[in-house]
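The following pair of complexes shares a single chain, chain A, combined with chain B in the former and chain C in the latter.
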Partner chain A sequence: MNKNADPGLSEVVSVALILTVLIITIAMTALIALPVMGTNADRVHNGDVLLEFCQMKADMDTVWLSNSTNITRQAVFTLSPAADRTEITVFPNLLSAASFGTVSLSYGIPHGEYAEVILTYTSSNMYAEDIEIIYDGGALFQNDRILLPGSVSGSGRYVVVVNTAEVAERSIGGAGVATLEYRLENIVSSGSDHLCVFRMELQ
Partner chain B sequence: MIHKRDSGLSMAVGFVMILMIIAMIIGMWAVIGVPEQIRDAEEYHAIGVTNAFLDYKIAVDNQRLNGWVGSNISMLIPAASAYADGALFMKEDVGMLRVYIGGTENSTYNISRLYATFGTTNTLVGYEGGGVFRNDYGYAAWVTPPSITMETAGDDLYVTLIVPEMQGSFAVGSSEGIPVDTGLLSVPTQVLPPTNQTVVVTFTADDPWDASVWNTFFYEKAILYQNMGVNIMSDKPSINTTSLTIYPSVVGYIYLNVINPEYIVDVRRY
Partner chain C sequence: MKKKTADDGVAEVIGFVLIIALVVSVAAVWILFYIPAQGQAVETEHARLVTEEIADVKYGIDLLWMNGKTDTNASRVISPSPVQGTDLSGLLFLSPPLGTGTVTVSNGTAFWINSSAGPKPVSSLKITFNSANYYAKDLRIVYEGGAVFRGQKNETQYVILPPSSGNTNLVLVCVPANYSEQQILGNIPLSLTYKYLGNQTYSTANVSLYKPDPASPWNAFLGTFTKVTVVEYNVTVRGLQ
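Take a look at the complex of A and B:
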């Protein structure tokens, strides 16, 4: 038997090896996995909020197409990936809390006492590229590129407007959700255009 | 006697076993967990696409109901999911609806189909003949069926059949949603003269699954209106053809109206 043998050496080496593996795993997670997962979460949310705006446009089109006046409906916009998660997870959602967004309601082209409504979503993503979605009087734009045009009939348009005396401009930011309540009041003619007058509230 | 003792052996074996357990957990997650997550996501996505087609049906129905002739609407069909690209197709003449009165062909209507596929393309979701269907692995079911309504008034029977005709032809693949424009061209209504003869509506499809799903529609309507006292029956004479036969009462007449709205459908290219 070697008198210089240290019976505790193997334990020390083993603990050092395990610690090394743990440190490498944590470092790789922080440097590679979290940015990849964060980018993916942001991009998925970019797509989801675009679908939420498309759904809102479809629902609003349905309201004026069916002339369903005085029925209040809601559209919900998720402002960040943190508000977007539906699956159950055992891990805290640390990476998605870094991104947030803003939804605003503002006036567009005026039509007398009415103004075309502009709903804008602007993201502030931590990892992925930012996105801007604009709903302008019935048309939907993604990063200044038209995605879904408004409805037309011959030379006339169907324009979604609000009464500026009744509907306030508003902006909501954060990482939660924003809710748009809207109700068709009536449809009036303005030249060749049809103004679909909505009452809206962003909250 | 020489004793070769290695006090570090058990630690080394333990360390290797821990690594094996970690590798096994990662392997099981990759082999079982990831496919399960993707399958769940695809299922959730298929429901989203189905809801988009239901919105589409509601929108085009509203165009017709409110007489918005000349108007167009644009909607996004979210064909692609987070995991797979999607494709949207518009096909005309996938089937033919024929109306026979007293055994003589009276009128014919082309049936078109707007549908989306995604992922493994084993699922089709689409709009056809005024209804929304979902086809999984060649077996289809209506999410909401086309429309045929009947009302009795004394001995007479009033039948209204709605057959939308969608014009357009395209096949578009995308890794995002696909915007679709739909314009209402006209809403012609064909009012057939009252008849005391048998009225037969047949549907002949290119695909057997399509005939099967229309047969389901005819069968369900036959059961519904038999319970309301109408003399009606459905049949499936071949794998590509199904029929609905409506008999007048002994002294009554059948009043048949066919509403045949015409739409033009196109995909937006941007």
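Take a look at the complex of A and C:
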């Protein structure tokens, strides 16, 4: 060793270098790995919410297809990736709670005292692209493109409607879970269309 | 320390190189073992999801003819591939690339229905899902005529859900004659729309395979029945419109 160096200098230098490596690793994680994992979690959650809506549409179709009235059923929607812990990641995604979403129940095309029910999910993702899922009276749209068409019988449609006097418009946002309770009241004919009157509540 | 011949700082450089070697070997083990294991787990979970979706399609199709909803259609979703993966797949910490899948709608196994009115051939409705996985073993699920099978084409297929049959009745889900085949390969959710066209009943009929095949899993479900109902469907598969 150089006889001019202070004793212990090489240890101090190595600590400084190790700290530098550590800082670079943390910076790379924060700038590259966390956003990529966040994008992944957001995309997986987008897909999961789409499947939740498809399942709800299929369950509602089952209810009016078998004319099963006066039984209350539930559909559950996860509003954000934080509420949707299905994937196993070794590194905890600390920023996944930053994304959230909104589910809203609103009225669509009116049919007298009834109106077609519109259930919308809008995401506010921190990393990945946003998704908008709309269930409109029986048909399912994703980002304004139709995924599942509504049911048609002969020349008339089967339309899922709510009684505007009994069911209020509602909107729920956040990072948790939203529950939709629905119950078939009866099926009413309107011209050639069949209106499936539901009672719904979003909470 | 050899104070006379070693250069200053050689020990630190060697130490640095060894540490870099350690980091690289940890990264190599990560890419070779963890990422494929994660990919296999996701693809296996997706196989379970698709099996459930095809079972739901069978349930939806049965619901229409059971409730006599002639000329009515309904639709369900099928997810051909898992939703995961990023643009930088394959690198450290990131998700593995995942495969796609193919959904095919065609006419499947044909049957002879021998009743007092004479022999009548019918073609069953066949909806096939074939996966193209990167890590897990490939999956093939077939909905045919009311039954759901699983297994590769040249393997013995095993029955997941049997057709609607009893001791005296049998229901076969069929398509009109000369049905054209549709096939979509993709990784976005697809919609399967099925429309119930109508039914035809045959009393005291014997149902057999159009082309006798001792290896076909249908042999266990065919025979002579008091009432055979053939329900006809029109099925389309498409992506986002």
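The working rule: the second predicted complex is superposed on the first by the 191 of 203 C-alpha atoms of A that agree within 3 Å, B and C clash if a C-alpha of one lies under 4 Å from a C-alpha of the other, contacts with A are read in each partner's own complex, and residues count from 1 in each chain.
Operating definition for what follows: a residue touches a chain if its C-beta (ideal position, glycine included) is under 8 Å from a C-beta of that chain, and two chains touch if they have at least 3 such contacts.
Please read all numbers here as calculations on a predicted model, not as lab measurements.
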Three-chain arrangement built on chain A, chain B and chain C clash or fit: clash
Chain B versus chain C as contact partner of A:Asn67, first or second or both or neither: both
Contacts of A:Ala165 with chain B and chain C, given as first, second, both or neither: neither
Partner chain(s) touched by A:Leu9 [first = chain B, second = chain C, both, neither]: first
Contacts of A:Thr39 with chain B and chain C, given as first, second, both or neither: second
Shared chain A contacts, counted only where both chain B and chain C touch the same residue: 1, 10, 13-14, 17, 44, 47, 50-51, 54, 58, 61-62, 65-67, 145-149, 151-154, 158
Chain A - residues contacting chain B, complex: 1, 5, 7, 9-11, 13-14, 17-18, 21, 44, 47, 50-51, 54-55, 57-59, 61-62, 65-67, 145-154, 158
Chain C residues within the chain A interface of the complex: 1, 3, 8, 11-12, 15-16, 34, 38, 41-42, 49, 56, 59-60, 63-64, 66-67, 69, 71-77, 79, 83-86, 88, 92-95, 189, 191, 193, 240-241
Complex interface listing, chain A residues touching chain C: 1-2, 10, 13-14, 17, 29, 33, 36-37, 39-40, 43-44, 46-48, 50-51, 54, 58, 61-62, 65-67, 87-88, 90-91, 142, 145-149, 151-154, 158
Complex interface listing, chain B residues touching chain A: 3, 5, 7-9, 11-12, 14-15, 18-19, 48, 52, 55, 58-59, 62-63, 65-66, 68, 70-76, 78, 82, 176-177, 179, 181, 268, 270
